[in-house]
Every structure is written in structure tokens, then in C-alpha cells.
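The data blocks that follow each hold one structure.
First chain A sits with chain B, and in the next complex the same chain sits with chain C.
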Partner chain A sequence: MIYNEPSPLEVKVISQRFTLPNSAAIDTYLATDGYLAVKKALGMTPEAIIDEMKASNLRGRGGAGFPTGMKWSFVPRKTDKPRYIICNSDESEPGTCKDRLLMENDPHQLLEGMMIAGWTVGSNKGYVFIRGEYRYLIDIVDRAIAEAYERGFLGKNVFGSGWDFDIYTHTGAGAYECGEESALLESLEGKRGIPRLKPPFPAVVGAWQSPTLLNNCETFSAVPAILRMGGPAYAELGTPKNGGTRLFCISGHVNKPGVYELPLGFNLLRMIDEVCGGMRNGKKLKAVIPGGSSSPVLKAQECDVPMDFDSMAKLKTMAGSGGVVVLDEDTDIVQLAMRTMKFYQHESCGWCIPCREGTTWLKKILDRFHEGDGRSEDIPLIGELARNMLGRTFCALGDAAAMPTIGFIEKFRDEFEAHLLKTQDPQSPELIVL
Partner chain B sequence: MTFSPALEEKFARILTIYPPGRQRSAVVPMLLYAQDEIGHVSQEVIDEIAHRVGIAPMQVDEVIGYYSMLHRKPLGKYHVQVCTNICCLLVGGQSLLEHASKTLGIGNKQVTADGLFSLEEVECMGACSWAPAIQVNYDFHHKVTPERLDRLIEDIRKAQGTKQVS
Partner chain C sequence: MADLVTFTIDGRQLQAPAGTLVINAAKKAGIEIPAFCYYDGLALQAACRMCLVEIEKMPKLQPSCTMPVAEGMVVHTDSEQVKGARKGMLEFLLTNHPLDCPVCDKGGECELQDMTFRYGAAESRFVEIKVHEDEKQWSPVVYYDPARCILCYRCVRICDEGLGVNALSIGNRGVHSEIIPNNSDHLNCDECGACIDICPVGALTSGAYRYKTRPWEMDHVGTICTHCSNGCKTTLGVRNGEIIRGNNRDRSGVNGEFLCVKGRYAFDFTKAPGRLETPLMRVNGKLQPVSWAQALAAVGQKFSEIKQRNGKFGIIGSNHTTNEENFYLQKFARHVLGTSNIDHHRTGDITTLMDALQGRENALATVGDLYTTKAALIVDNDLAQQQPLLAFQLRANWRHHKANVYAVTPGPVREDQYAKKIVRAAEGQEFEALESLRDQLQAEEELVILFGDPIKGDAVRKLVAFGDSLGKPVKYVCLVDYSNSRGAADMGLLPDLLPGYRSVRDAGLEPGLAYDEILNSSDLDALWVIGANPLSRHELVAANAFVVVQDLFLTETAQRADIVLPASSAYEKEGTVTNVCGEVQQLKRAARVMGSKPDLEIIGLISKEMKANIGIWKSSKVLNEIRAEVSSYRFPLIVVESGGAAATNPVNGPVPSTRSDLVQSARNNLFHSGTLGRHCSTLKAVVEAPGTIYGELVNEPEEALEPSTTQQ
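And now, the complex of A and B:
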């Protein structure tokens, strides 16, 4: 099922089946080029597949935008150890709701992508790690897996190649941190989702101490189309070094929020005006959070920009997970900063001190500030605390909390100051909170 | 202790999907599925699952403490989860939570006296483009208004009432 009307501006590559009746069924998939790509891959060498992936300029859709072909080439193939394929369907970055649609509407596309990855790195087992809240999707993916076994597409001797491949689902149970790849592996191993020290990276030492290829659900879902159309043709859809299309999850104050598949490099203002029917209630645009809640905010005047990884990096923010949160002129930035930090504080796993303490302090200060007990020193203090977390934590959750906070306080300092003036009671004594 | 035949079958399968000697990997799925059947993770469930995956009950307890969906105390039969994270906040998620609290007569993380409902403020549930969103147990509801929420709760109450009469 889809939950919003499609837009005529969409370029449908990975969402092409979403509106078909029975789109999740194997017969629908087979009638629309399904499982052709894996058959093609089985006739190719791993090197040739990796070259095709590199030529596609596909970059990881989980957040960091790491080149997928390169990641695949890091997995050692000449080893006696088993190798694992893991799909990250933990989808918990606020603003992001696309992996859900991929699993709900086209689970076979995901399975085929994982199979191609499995063949490429010489793996015999894949796991789809799905956040616990997505129970209905676990059922859908399990059904798709069962269908694939029934047809002999999974299990022993896949398509007569002599190669065996199994796929299983594995549920999370509520933890944003388990989307971080090494914490995900801990969770998969039945432990608390605490990140591992890197290096070694999962490609070398991953699940159960073995080489592991871990990609986001949307990344794997793009693989069959890449093999069918060829890497260069897929790359052409996007901008240089930012190949293809992605599912943008647009939310907030627009007339038609929704998930839309658009080429990388699609202009952000056009996304708001033409794809999403403009701002709600005729309000003016104040800002956009361009890539999930971890990405620093863009002011309205910065929004005439192509949405791809490199253009966002140039603006010192991130294309991240594709969650585009649109804010109108009435948005209370102080409240937003406070709510964002409340999330990271809640989700910090507590393993390393800069993140555990940093998010807790910042949440306390922002909470108090928002409640009306702010002090003028709080504004630089918030910035300083956040900057002190950057790069000092075990995993990137600390950065994910610090970066947007720095963005809010630097770009909307005037709003923090105005909030202080509005709420300050000159009679009240200074509060000592920390 | 034993679970329903369907769950026993599921558990037997789950224990085979991880590499040999790595049965501990099944612990989170088993806990969540057991909770779905029993309503919460009781001490009995902990002991049983610890035994089946071959770790100490305390190690299972340690895992439970980490995951927000695993509960040591019974939830309501209908667990109403309201997202107040940023995308939902922007379009009324916070007032929806307050409304839910009023309608149900309970606060965050509380259970109604009849055990029918519990309420929880939750983080982003992956419905941001169709906000504000709630989940009742595992069912998603998108673009929820206070009126729709009331109707949903009323419908559950009514259905429950009829069941009790019949």
C-alpha cells in the first residue's frame, strides 16, 4: 500500500511496483523483470559485479552515503570464514519512512539485491534486521522469503549455480542505536546494542566475528535495477558521484507530505513547491532539515540547492537518510532543538561518556531554556557542549546529537535570544541547575 | 513452561537460523514474541528463554533493560503509542498525546484500571510523512486527529463491551 499520492515528477526505479495490485507477491515481481538481475549476476564474476556497482555511483542510503561498490570490494573473498549479508532495516532516524514502503510493497526486490550481494562476496547467509515496531513487515518479508524458497530461488543450488543462499528475518525491539552497524551486530548476537570499536570494520570482522556486508534496505533494493540497466545508465539518473534515484521522505509543513522517488540532485525548493504542492496554509518557508534529524538545518535562503550527498556536504549538512523535514515561519526552533535532543538523550546507549553525559546535559539545559528558565550564558554553553561531543564518541550517535544542535544554535541564535527575552522574568533569581 | 503450539514452532525454527553455537542470537526475537503472547516479560519467561538459549537469566535481564519495547510489567491489552518526535510534533503530535491522556484518563506509561489500555509517548515510528502517527499494538494509524483517536478508542471499548456480554 502507498500512503500518499504519487507525483508526476517522480522517476520510479525502485518504487516502480509500489502501485501494482499484489505488488509484494512473487508472481507480480516475476512479471516485472523480477529475478532477472540475479540470474545475470550468477553469470558474472564478483569483480565484474563490483565494477558495475562502482560505475552506478550508488551511495549508501542508510545515512553516510558511502560508495556501495567500494564497500562491497572491502569484504575479503579469499577466506575460510563464513561471510554474512545483513540488511539494515532498523529505520529509526526521525524523518525517515522509506524502508517501510520498500519492504511492504516490494520485498522480493530487496531479497534479490541481497542475493546479488551474497553471490558477489561469496556468502551463504543473509539476515534482514527489522525494527521491532515493523511487525507487519516481518510477516511480509517472511512470506516473500517463503515464496522464494518454494520456487527454488533460495536455499540450495540457487538457479542451478551450485551456490547456496539462505535469508532470514531478525527483529529488533526498540532502540535507535541498533541502526548503527556495529550496535546492530551486537543486537543480532543477542546482546545490548552497544557499538564496537572500529576498526576493524564489519566488512572484515562483523557478525559472529566473520566478514559481514551490511547495507541499508534501500541500498540493497537498488541493486537489481542497477544490474538490469547497467551501472552507467543508473549513474546517469543522478548527478556526478551521486548516482540514481532515492526515496525522499518529505514531512512537516507542506501541502502534500509523502515519500517520493526522485533523482539525486533534485532541487530542494522544487521538491517543496512542485512535488509537495507548496507550503501549508500559504505560510513562508523558514528552514529545512534535509537528511533526517541528525542533519544540521538549512535556512530558507540556503534551500535553492540540489539534493545530493556532495551538495549537502558543501553546505555543512548531510543528505543522510533522505528524511526532509520542512519548517514554516511559525516553527519554534527552540522547541525543535529541545525535542531533538530529548530523542538523542533517550536513545544514547550510555556506553561512552561524552555521548551519555553530553546528551543528558544538553537535554536538561534545552528543556529548562524552553520552559522559560533560560539564562544568557546557556546559548554559548549549548554550542560549546555540543562541539565538545563531536568526534569524541564511540559511534556517530554523539555526532548525530551534536551536529543539529550546533546548526540550530548557530543559524537561529536570534530565536534563542528572543525566546530568552520573551520568557525571562527579571525578578526571578538565577537558577543553578547543573 | 511452554508457549502456544504456533509460538513453539516459531521458536524451534528461530533457534536454527543462527550459526551453530550462536543460539544466544535468538534472545531478542524470542523475548519480543513471548511478550506478544503473554503480555509482558515475566520472570518465568526470562528463566525459560535463558534456559533455551543457554545463558544466565541475569544476562537476559540485562538485555531486556536495553530495549524500549520489552516490558517487565503488563501493558494494557491495547497499547497506545503516540509519536511526539519532530515530524509529528510539527503537526500536532504533542497535543495528540495530551488528548490521548485525557481520553484514556491515564498518563504516559500508565495502564487503565481495567487493564484495557496503556499509553506511551514514543520516538519516531517511521510514519513521518503521514504524521501525526500512532501505533495501537502493532497497527499504524496515520494523520491522526483527536477526533479519530477518540473514535478508535471508543470502537475498542465497544468491541470489548460486546465481547464481555456475549
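And now, the complex of A and C:
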């Protein structure tokens, strides 16, 4: 089941089966080019596959947008150690809800992508790490895995290639931080979900001290199509260095929120107006959070921009996880900043000082400020504390908390000041009882 | 050595081996980079972010505790950005810190205070409500105050990596993170207090010390632990002549900062109830308090009388008394009393080892060697329980240098966690086990063999022959029990050996009675026991013998005495002791206990009563005498006097040793320490007491019945 009407502007590459009846079933998948890509891959050398991936200009859909082909090439293949394929389906970035659709509606596409990755780096074992709250999806993916085993697609001697590949699901326990790749590995190994020191990166020393290829669920899901259509054709769909399509999860004050597959570089305003049917209740656009809650906000006047990794970076924000949150003129930025920080404070793993204490302090200030007990010195203090966190924490969660906060304070300082004036009632100065 | 790389810190060109961490390179150059979570020798965490520095061409500040230096790297530790980051980090850290410095044990010794003073802001901008969590007691020894905890994870690492106990972990998430015992709500651990000591703040506090004093009110006396044979330096915090704390934060001594529960907490025997503070004399069948003058006169008179009629003396010395006291005692026995009937409780067959190694240099391993040797073999000992520092050293060697450790033991030991090869062999079957290891041992470049008391007599010779047959450099450690077990043997508290393991015949004397022969001798006229408790295990056959006992407590032996002389403990006197590895270290007087006297002085006073002159009872003078007689003690004095450990070499000639059958360990473990242990409230309080050896509970002999003396 999908949750929104498709848009005619969509370019359906990885979501093409979403609307088919029984889309998750293996027969549906087989009837629509399913498992052709992996068969093709089994006839290719790892180098050729990696070249294809590089040519596709696919960039990681988990948030950082790292070129996928390059990541694949980092995994050492000449080693005695086992190698692991890990799918990051922890999807916890506020505003993001695409991996969920991919697993629910097309789990075999994901499995096939992981298999191709497995063959490429010489791995025999893959894990799908699914956030604990996606209980029902674990069942769906497990069912798909069972189907693939039944057909002999997984397990020993995949498609007669002599190569063995197993896939397991593993569930998170409800921590945003466990979506961070190294914390995910700790969690997978049964430990407390805290990030690891990098370098070494997971590609070299990952799960159980072995080379590990870890990609986002959407990243893996794009792989079969890339092999079928060829890397250059996939790249062609997007903009230079930002190949292909991605699932944009558009939420907020638009008429038709939903998950839409659009080419990279699709204009943000067109996304709002043409894909999502414009602003809800005819309100004016105030701002957009372009790539999940961690990405700094864009003001309305900055929104006439192609949605790809490089264009977002130019605006000092991020395409991130594809979670686009559209905000209308009535949005209370102070409340938004407070609510955002509340999330990060709750999710900070606590390992390092600046994130653990910084998010807690900021949440308290923003809470108080929002409640109406703000002081004028709080406004610069919020910005300063966020800057004291930025770039100084152990992992990127601290940055993810600091960046949007700095964005809100810098771009909407006037709203903070107005909130202060509104809540400080000049009519009733503090009563001092002696 | 790794390749040298050239780099710049704060404008100074420096060179260091590739792989050196920036924080350490800076430290070597005298540039301090503040750090909480970085700790020498423990796993890297990069969690506190105090050590961030600016490195040119890198987009953001980098933790210097995980960043290796690189060719051409340019580091700034004093830029405005770095200063701002430190200030910001401390500001964050202090937000939820209770700032109860005025009542905190750590006040004055706290790294957070020091860092804030040096790098922090003078003012706080935090006006919110702090996160608070109540303090918890984890054991009689360890208390944890989560509010004060800065989550540097040093405690977790020292316990897991350092000790192999792994009693601590991190629980909860985010700002609610805290340290939790792995054993739900309490500790079941070594109770070593290493976690408390390593804590940079007052989050972990010690049950023995908390809220007793301010650190600056104490004098800090670095002396040697008086319990096991490993010879750890323990720095005693003394206020008004009373010891209130033990630790070794300055890492002086062979142990660095390591201490076990005994070295850190087992000092309160010094003021335990029952501590003797006045001489006692049997009057009408009952021990009555008397003056020192009376008691000494009585002993002198009786000894003179027995000597005059050529009576039979038996003397049992101590494993705890100093080298000087032991030397002085045997000298007094041999020259004044004219007897060779002198012995002590032998807890390891050091004499046979000395004989087997005669003529060799560098055949005895030092505590330091255990940290550097490429391989070690443990035979018949539960090292972590019985020889805690040696166990710690070997483990550190394995962690830092990947040393190969082999264990041949009758039961499970902690070294099993990491040993390259473990062979379980019952006592008596060790040599078959050793043969099974031969190929592996032969492949090692060098080896240290540590052996426990079941290896004695011929077995020691066989073990040395086995070592020789490997054709590699092998060093040995004969594991003994107490703080000066080794010194007792070195100083000739033996019926057949003079100081330095020379035959008594060299001095024209005949060998005397050994330990059991003294106790079994029906015509013994006098038994003189110094710092030992033979009658807890043996009978005294000579019912009419005149018994003199020097001790801290009214032990079973003291209860049988005619005269009891209250002695000072090692923490109350000067002198030297020799550890299990033959390293000589100096005691420093920490406490004073009214009424007691050091054994050296007591022996001197008795000789004075007998109008004999065996030299002045000043330990430095006696040490000179020792050095004149015992060649291996001719180490540079400055080493010992400046608080160092002087290694001694084995003797050069054959050792006519006898009575290896008397060798028997007291099987003390972490929570036992003979008579002293029985009077340590901390050792008795911990739930782990009485502790284990090879995973099996060891029951200590019942506490001595201590009938109230007539003092009350």
C-alpha cells in the first residue's frame, strides 16, 4: 500500500512497482524484471560492476550523499576476513519515510541490490538493520527473504554461480543514533549503540572487525535498476554528479504531502507547487527544511533551487535524507527550533560532552524561551552554544543538532526577538513582594 | 623504531616516530593539552573533546588524543579557536555538575577543578535546572555519584582492560548516561579501588576515606605495602599521625598507580581494636600490662639465664619485618644467644632456586621485566589473586606488547582470558604439562617463568633444567607470600644459612633447628617469636618453654607467651624490604602508635639488657652492615633512598639448602593477609571475602579468639 497518489511528474525507477497489486511478492517482482540484474552481475567482474556504479553517479541516500561506486571500491576484496553487506534501514531522521515504502512495497528490489553488492565485494552475508519501531516491516522483509530462499536465490550457490549469500534482518532498539553507521555496527554486534572512532571506516574495519559495505536502503534499492539500464543512463536522469532519481518525502503545509520519486535537481518550488499541489489553505511559503531535520532551514526566497546534493551544499544546507518539510507563514519557528532540539536531546547517545550537555542545555533554553521565560541574552547564547558544538562532537549527531539551530537563529532571529516581546508583557512588571 | 616524522606544534619544529599521538608529542615537548578521557595505556575514546587542536589544512578542530602526527603537520594548541573550544567544553561539562566542591573528597585534587581554573570561564551562563541522580553505594569500598560523573570512561577501562575484571559499564543514554556495575546494582569485584583512583573527579569515592578530610590536610608518605610480596608503593595520606588513605597517584614505585585492595585499603589494622599498646607479662598465670622497662628486664634476665646454662633457644622470625630487623635478629641469635635455631615460615622455595641459579647474572626477573618480556609462563599460581601486581604487569604486557603468556595451573585463573595456551595440571603433574608446551616455548625469544610453592626442592631444579633446555634466555620468579618473605631468606632467617645464603659452617657454626623442629622440641627452653603466629597452626611441644612474642596483636602465639612486646607495623617504621622479584625498597614511617616499638629497637633493647653489643639499632647503620656482608645488596644506595627499587642478583656460590619440605604458601588471596588481614575492617567488610584461589573459595582459619587482656 502506498500512502499518497503518485504525481505525473514522477520518474519511476525504484518506485515503479509500488502501485502493482501484491507488489512485495516475489512473483510480482519476477514478472517485472526482478532478479535480472543480479544474474547479469554474476556474469560481470567486480571491477566492471563498480565502474557501472561509478558511472551512475549514485550518491548515498542515507544523508551524507557519498558516491556509492567509490564506497564500493574501498572494500578490500583480497582479504581472508569475511566481508559483510549491511543495509541501513534505521530510518529515523525526522521528515524521512522512504525506506519504509521501499521495504513495504518492494523488498525484493532491496534484496537484489544487496546481493549485487555482496557479489561485488565477495561477501557471503548481508544484514538488513531495521529500526525497531518498523516491526511490521521486519515481517515483510523476513517473508521476502524466505521467498528468495525458497526459490534458491539466496543461500548456497546463488543462481548456479557457486557463490553463497545469506541475508538476515536485525532490529534496532529505538535509537536515532543507531542509524549512524558505526553505532549501527555496535548495535548489530549486540553492544550499546554508541559510535566508533573513525578511521578506520567500516569499509575496512566494520562489523566484527571485518570489511563491511554499508549503504542506505534506498541506495541498495537503486542498484538493480542501474545494472539493468546501465550506469550512464541512470546518471542521465539527474544532474551532473548527482545521478538518478530519489524518493523525496515531502511533508508539512502542502496540499498533497507524500513520497515522490523525482530526478535529482528537480526544482524545489516546482516540487511544492506542481508535485504537491501548492501550499495548504493558500498560505504563503515561509521556509523549507530540505533534507531531514538535521539540514539547516531555507527561507522562502532561497527555495527556487534544484534539489541535489551540490546545490544544497552551496546554500550551506544539505539534501540529506530527502525529507522535505514545507513550512507556511503561520509556522512558529521558535517552537520548531525547540521541538527539533527536543528530538536531538532525547536521541543524543551521551558519549561525548558537547553533544550530551549541549543538546540538553539548548533544549532547556529553547523550552524556557518558548514557554515565555526567555531573556534577550538567550538569543545570542543559543547561537553561541550551537556553534560550540558544531564540528566538535564525536559523531555527526552533534552537528545535526547544531546546524539547524544555527540556521533558525541566523535566518529567523527576528522571530525570536518578536517571541520575546510577545511573551514579556510590559504591562505587568515583575511584582516584588517585600 | 618507527620512522621519524617532522611536524610543528605551536611554531616549534618537532620530530617523533610515526604513529605518535599529537597529545603525547606535545607533552614531550612540554606543551600541555588538556584531556579527560585520554589516559596513557588505556583504549582511546575521543569522548571528552577537551583535547581539540587546530591542524592546518583540516576543516575542523581535531582530537589530539587520537590524531597521529604526520609529516609536515602544523598544529596549533594555543589559537583563539582552540581556547574557545576548551572553554566551551568546560562550560558544557559544568552545566550538570553539582559543583559541590566544598564537600567533595576530590576537592583540591580534582582534574575538573584544575582544568576549569586553567582553561575555563570564570562565570557560568547556565541558569537552568540541573539533571540530578542520587548517589549509590556499590560496595563497602566503592560509592558512585552520577551527578559528579563527567563520563570519561576511565573507570570502565581500567577495570576491564587493566584488571580484567570488567565490573563496570555504561548505562542509559544521553544526559542520563551513567556508570553502572555489570552485576546489576552492586560490585562483585577485586575491590581494588583503581576505578576510584583513576576518576578525575569525585564521582567515585572510597568507603574507607570519603568525607574524612580535605586532601591538603594530609601528609603524603610513600612507603611499601606491607601485605603481599609484590612490593607496591603505596602513598599513605596521614593526618595527625593517623593513616586515612592509601593510593599511588604519583605512579612512583614498581607498581605505577596499581594497587590491590590491600595496598589501597588494608592499613586500618594500625588502629584496629585489639592493637597492643603496652607490654604484657604473665603474672599468676595471666597476662598483665607492665612497663617497657619491666618487660625488657624480664626478657633480658631470662635469656641471660638460659644462655648461661647452655639452654635451648628457638627463634621464629617474620615475613613482614624489615631486612635490617631480620639481619639484626639473626646476628643477635647467632652471636649473643649463640644459637642457629632460627627460621621463618617459608612460603616459596627461594633457597633452592638460588642454588639452581648459582653463578648466573640476570636470571631473576624484575617487576619491570614482566611488562617487557616477550613471553611468560605461570606454573602453579593464581596470579591475579595471589600476586596482584605481577598479574597486572603481565596483562599490561599482553595488552600493550602482545606478550605470549602460558599458564600451567591446577584450576582456572584470570590469565585464561588472554593466555596463549593454558594447561590444567594437578600439582605433581606440571612437568608433563610443560613438555606439552615445549615446542611453543622454544619458539619464544625469551621467557620469564613464575612458579608457586608446589614447585619446591627437586622440582625447582627440574624447572630450571627445563628452562635451560629451551636454549633461550630465561628468568625466574619464585612466588612468595609476604612483603618481606624474600628478605627473610636473604637475611638468613634460616637454620643453615647466613645472610646472602652462605652456609653457617662458613662462620664455624653448626646448622640449627628448623621451624617444625623448634616447635616439636620437647626440651626447648625459650621460644622467641617476632611477627609470626606459628601457634595458630602448630603445637608447642615444650610445655614449659619461656615464650616471648613481639607482635601487633594478641595472636594465638601471643596468648601463649610469658612476655608480649607490642611491635610497630611496617607503616610505623623505617627500613628496607625486598619484594618477590628481589627488588629492595625503602619503608617510610607514616603512622605512630602509642606504646609500640619497632622490632629493631626491641631487639636492640633486649641485647642491651643482656649487656651485649651488636651495634646501634638504626636501620641505616644496619643496612651498611648488610651491604658489607651480602654482596647482592651492594646496589647504589641512592636508588633506594630516593624511593626507587634496587634489583638484587642471586648469589655466586652453591647454596647448601635444606628442608624444602617446609615450604608452604599461606594461600592468601586478594582479601587475605594473615594476622594483619584479620584486623582490617575493609578486607572483612567486602562481600567477596574470603575470596578464591583457582575459582574456589578459600576459608581463612577462624579468627583468633582474643580474650580481653587485662588492659581493660
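Basically, the second predicted complex is superposed on the first by the 424 of 434 C-alpha atoms of A that agree within 3 Å, B and C clash if a C-alpha of one lies under 4 Å from a C-alpha of the other, contacts with A are read in each partner's own complex, and residues count from 1 in each chain.
In this section, a contact is a pair of C-beta atoms (placed from the backbone, for glycine too) under 8 Å apart; a residue touches a chain by one contact, two chains touch by 3 or more.
The model shown is predicted, which means the values in this text are computed figures rather than measured ones.
With both structures placed on the common chain, the touch criterion links A:Ala175 to chain B and to chain C. With both complexes superposed, B is the one of chain B and chain C in contact with more chain A residues. With both structures placed on the common chain, the touch criterion links A:Arg192 to chain B and to chain C.
By the touch criterion defined above, A:Leu381 lies against chain C but remains apart from chain B after alignment on the C-alpha atoms of chain A. Contacts of A:Leu327 after superposition: chain B is touched, whereas chain C is not reached.
Look at A:Arg392: by the touch rule set out above, it reaches chain C but stays clear of chain B.
With both structures placed on the common chain, the touch criterion links A:Ile365 to chain C but leaves chain B unconnected. In the superposed model, A:Gly43 lies in contact with neither chain B nor chain C. Once the two complexes are laid over each other on the shared chain, residue contacts for A:Ile250 go to chain B alone; chain C is not touched. Judged by the touch definition given at the top, the superposed model places A:Arg356 against chain C, while chain B stays out of reach. Across the superposed pair, chain B and chain C both touch chain A at residues 175, 192-193, 346-347, 349.
Across the complex, chain A meets chain B through its residues 3-4, 82, 91-97, 99-100, 131-136, 166, 168, 170-176, 187-193, 208, 249-253, 257-259, 289, 293, 323, 325, 327, 331, 335-336, 339-340, 343, 346-347, 349. Every residue of chain C that touches chain A in the complex is listed here, in rising order: 44-50, 52, 59-61, 66, 84-85, 88-89, 91-93, 95-96, 125-126, 128-129, 131, 150-151, 169-170, 172-177.
Touching chain A in their complex are the following residues of chain B: 17-19, 22, 24-29, 31-33, 53, 55, 62-63, 65-70, 84-87, 89-91, 123-131, 135, 138-139, 142.
Of all the residues in chain A, the ones that touch chain C in their complex are 175, 192-194, 197, 345-354, 356-361, 364-365, 368, 381, 385, 388, 391-394.
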